[in-house]
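Both complexes shown next keep chain A, but they swap its partner, so chain B is in the first and chain C is in the second.
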Partner chain A sequence: MLSIVKRDVLNLLVNPALNLYGTLFPVLLITAMGVLNQSMFATDIISSYDYYTVTLLVFIMFNMAVISTNSFMEVSIKQANLRIGYAPIKRYQIYGSKIMATFLFSLLSMGIALVFMRVIFSVNFGIDVLWLVLVLSAGSLFASSLGVMTVILLKHEESANQLLGIILIVFALMGGVFFSPYAIGETFGNLSVVSPFRWVIESAFLALYDECYQVLFKTVGVLVLLSGLCLMVCQKCFKLEAYL
Partner chain B sequence: MMVFLKALFIRILAKPYYVGLSIFLTLSFVVVAFVISNTAETNISVAYLSDEASVSLDAPFMRVKKVDETPSQASLMMGEYDVFVLVEDGEYMVQSMTSDTYVSLVEAYLAGDEVSEFMSSPRPSALRIVGFLMIILFLQCIFYLDLFIEDKLSGNLSRMMMSNQTLSRYLFSVMLYGFIIIIGIAMLVIVMASTVFNQAIGLNLGQYMLVFALSVASGMALALLLLSLIKVRDNAAALFSLIVILTSILSGAFTPVDTNQAVLNAIIEWLPQRQLMALSEALYLGETIWTHIVYVLVFVGVFLMIAFSVIKRHLQLGRY
Partner chain C sequence: MKTLLSVRNLKKSYGDIKALKGISFDVYEKEVLCFLGPNGAGKSTTINILSSILTKDEGEITYEGQSFEKNLSTYKASLGIVPQDLAIYEEISALNNVKFYASLYGLKGEALEAAALNALDNVGLLSVKHRKPKTFSGGMKRRLNIACGVAHQPKVIIFDEPTVGIDPQSRHYILNYIKALKDQGVTVIYTSHYMEEVEDISTRILIIDHGEILTEGTKEDLKKMLGDTDKFTIDIEANGSVNTQPFYRIDGVKGVEVSDNRLMFDVVRGVDCLDKIIAEMIDQHIKLSNLNKEKATLERVFLHLTGHALRG
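And now, the complex of A and B:
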């Protein structure tokens, strides 16, 4: 399985569009939102760059679901991927390697984006950036599993991408990625708890600025459990013949 | 054209999750818009911690909540509370994670100064509904243009152009079928909200139809342009979503935006979503609407012309 994962990671790394999406895209997005909303964070405690580095990295991490669908069944690599199915390997290794590859790719992208934001914009990550890395990693693992599961269920990469893209945007809007959910009113703020984006963002802020780790551990636990659930669905529903 | 439309409708109905997701999203956003309209608050959210029985914090611009312990920094960052006031021995300590203006405002109020100029009125429900729905109408546009991508990748588009059909007829059909589905679902939801659930919708159905039609036309034009310029559909879709989200937020789809930067505010005025919000406001207030309509139509026309030229060029060069 390791050799398949290596190959899949390499496939992702040589794709310029995906690399831009994972590294340059979050940096540009954070810069744009940071500049636009400077006046909304007019205190010495937190800047708009500090806020949007956390929220937009969460956004990018969840959007790794779209990259995992690409790495699994994108038209140009689908046939090559399916050929692996004829090798004497376990079924889970086919989709598992794509999940693992996307997960590793997202960690690398996140690392680059974090270093860039720290060096260029002197972003303050509160107490310890490792807490942010931990919860983002859990989010990324869930997103990678969710993307592959969606392709397996819908059997088409394009449809899975469209569905995931629109659902992720809706949850991101609700979860405080682009603006505070409470800016629209207390009701909307309370409704936003249904968004996984909100769980991750809130738990990251609690850990980084309040030294409160309970919510973060719970969030990581839930995301890992959900990832496990996705893997179970993948194992039950993945039938190679359906994609030929 | 009817042949194209019929075939497109049959193909999309074979993928029921497309229409299902449209219904679900439109319904959810309308419900949220109504819930918010009915409970909309534009006041500053203030949390206070005090050992005294009562504290004089009842200004009309404040939404005050007494808390038992100091709120987390995270809750202040995420806007659950805009301001935290700690009252100890009759002294006030005012803190905000996001805005010093709020701190000054609350401090001025506590000092007994006049602060009525900071009060703002809630947004009309019609603008909330349009703002919320506009974004979801835009996002669905690229969703339904999937059939265009299918035709492009499978070579069907090239084959169709070999027959006596024209490209403009095909492109118009592929946008029209999505237009009909998106508008149909949105109008159905609004009619249900108005008639079945007796919700105040602010504008009449014709006015909603106009705003929705222009929104979907703008979304279709932008989506087709990106799909014609960017080869990989996923990249075009990701860029489309990002553009729509950012421009919608800047246009004040969810909440009014003022960047405090004259140049940026001027640029924002050029965004089609901003013009659509201005159109809704003009309809609501009974003001003239033609400037906004003409602007959006010019935007749609220019984008469609570029998209059409690019697609035609690609076809001529055999790239599809």
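And now, the complex of A and C:
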């Protein structure tokens, strides 16, 4: 299993598009949003960089769903991935390693962004950045599992990416990644409680700045539970012939 | 001959397409068993089921007398698969490709390195082992595809059309490698629609078309189906004055037919009588413009069995 995970992580890193998405893109996105919205946060205790580092990292972590679909079935590695299935290994090792690889990739991506924002923009992570890391990790674990599960259910990488793309952007808008959902309207704002983006963002802010950890634990718990659910669906539905 | 694999009444459909209509065959130890069949015959479907990545609809497969699903890990460990579609990582070196796949079979450390180098050597890629496949020619990629499937030194190796669309040099490497495997006592299952290859390497042939096995046997067995004569076709300049009687007196000539500007002879295989036929033609002042011997080829066997050509 370890060698497959290692292979899958390297496959993500040698793919130039995915590599940029994981390394440069988060930093640029956070910086851009931070600069553009600086004035809005002028009177607040937290700066626009503080705010967007959290919300956009949540966005990036959930978008790891699309990375895991690539890791699993991207055309240029699909056949090579299928070949793993000829070997005497367990079925779960094939999809499990893709989830694991995407998860590790997201940790790397998160690490780069956090260090960069801290060093360059002296972002203040409140009480302890580890709370943020914890809840973001749970988010990316869920996203990685969700991505792989979606490909298994839809059987095609492209259709999985299209579906996930729509869901992610809707939840991101609802969840207040870019602006408060209440800016659109009261009803939309209330509806937005269904967005996992909102749970993670709120629980992160509560833990980082208000020393309130209960919501964070709950969120992490729910995300881990949902990840487990995805894994169960994967194990039930994954057949090697999906690769044919 | 020990039976390694035994397949009975294997069926597989994709929706309405019946890809396999209940085929049965055995694979014996140390043989080179070739599946000869045109596009869409069901070769890859058979291979994919044998390699356990595709589930069958019906039928039984036993390996060394046991249902292959029962001891799936042992079964898979004794197989080496070379799939029809290239299954290699373009972005990592040839050596790392081979090492990665061999490592899935439990090879480690020096044994892994040695096995990978040996496999690359066998397909003539040792000198480019550090290059990435994306810089390779099509034939080199095909050879790497082979090395990745065989480095763990399996007992049975399955090749699915490994020579499709490649340069003569690569084809040469591949066919020689298969002959070497035969000499080493490895059991080989090989699919192809190139009859020359199959004639060259097979110890036994299964002819498959439209999901059915039409016949099986050695190439000699199969050619016997065409009868024991060869056909000569001789184009001539005019056929006004051909007397066929004298030709029948020549030893080996079984039949003579005259049609417009053409003489056709049925000649017992192995009897050398062409020179006498030509001598008789000269006697009769028949001017010869072209001579053609239709050999007993697998192509003709296929045509004979199906009524259509193997290619195109």
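To be clear about the criterion, the second predicted complex is superposed on the first by the 241 of 244 C-alpha atoms of A that agree within 3 Å, B and C clash if a C-alpha of one lies under 4 Å from a C-alpha of the other, contacts with A are read in each partner's own complex, and residues count from 1 in each chain.
The criterion applied here is as follows: contacts are C-beta pairs under 8 Å (C-beta built on N, C-alpha and C of every residue); 3 or more make two chains touch, one makes a residue touch a chain.
Everything quoted here is computed from the prediction, not taken from an experiment.
J.: On chain A, do chain B and chain C fit together or clash when superposed?
T.: fit
J.: Taking the superposition on A as described, I'd like to know which of chain B and chain C A:10 touches: first, second, both or neither.
T.: It touches chain C, and chain B stays clear.
J.: Between chain B and chain C, whom does A:46 touch in the aligned arrangement: first, second, both, or neither?
T.: It touches chain B, and chain C stays clear.
J.: Going by the contact rule set out at the top, does A:88 touch chain B (first), chain C (second), both, or neither?
T.: second
J.: In the superposed model, which partner reaches more residues of chain A, chain B or chain C?
T.: On the superposition, B touches more of the residues of chain A.
J.: Pick out the closest CA atoms of chain B and chain C after fitting on chain A and give their distance in Å.
T.: Distance of closest C-alpha approach: 15 Å.
J.: In the complex of these two chains, what residues of chain C are touching chain A?
T.: Residues of chain C touching chain A: 48, 51-55, 72-74, 76-77, 79, 81, 83, 85-92, 100-101, 103-105, 148-149.
J.: Tell me, which parts of chain A touch chain C in their complex?
T.: Answer in residue numbers: 3-4, 7, 10-11, 14-15, 76-77, 79-80, 82-89, 239-241, 243-244.
J.: What residues of chain B sit close enough to touch chain A in their complex?
T.: So the residues of chain B in touch with chain A come to 15, 17-18, 21, 25, 28, 32, 35-36, 39-41, 45, 63, 72-74, 77-80, 96-101, 135-136, 139-140, 142-143, 146, 149-150, 153, 232-235, 237-238, 241-242, 245-246, 249-250, 254-255, 259-260, 264.
J.: Given the complex with chain B, which residues does chain A contribute to the contact?
T.: Touch list, chain A to chain B: 17, 21, 29, 32-33, 36, 39-43, 45-46, 51, 63, 66, 70, 74-75, 154, 158-159, 161-163, 165-166, 169-170, 172-173, 176, 178-189, 191, 201-202, 205-206, 209-210, 212.
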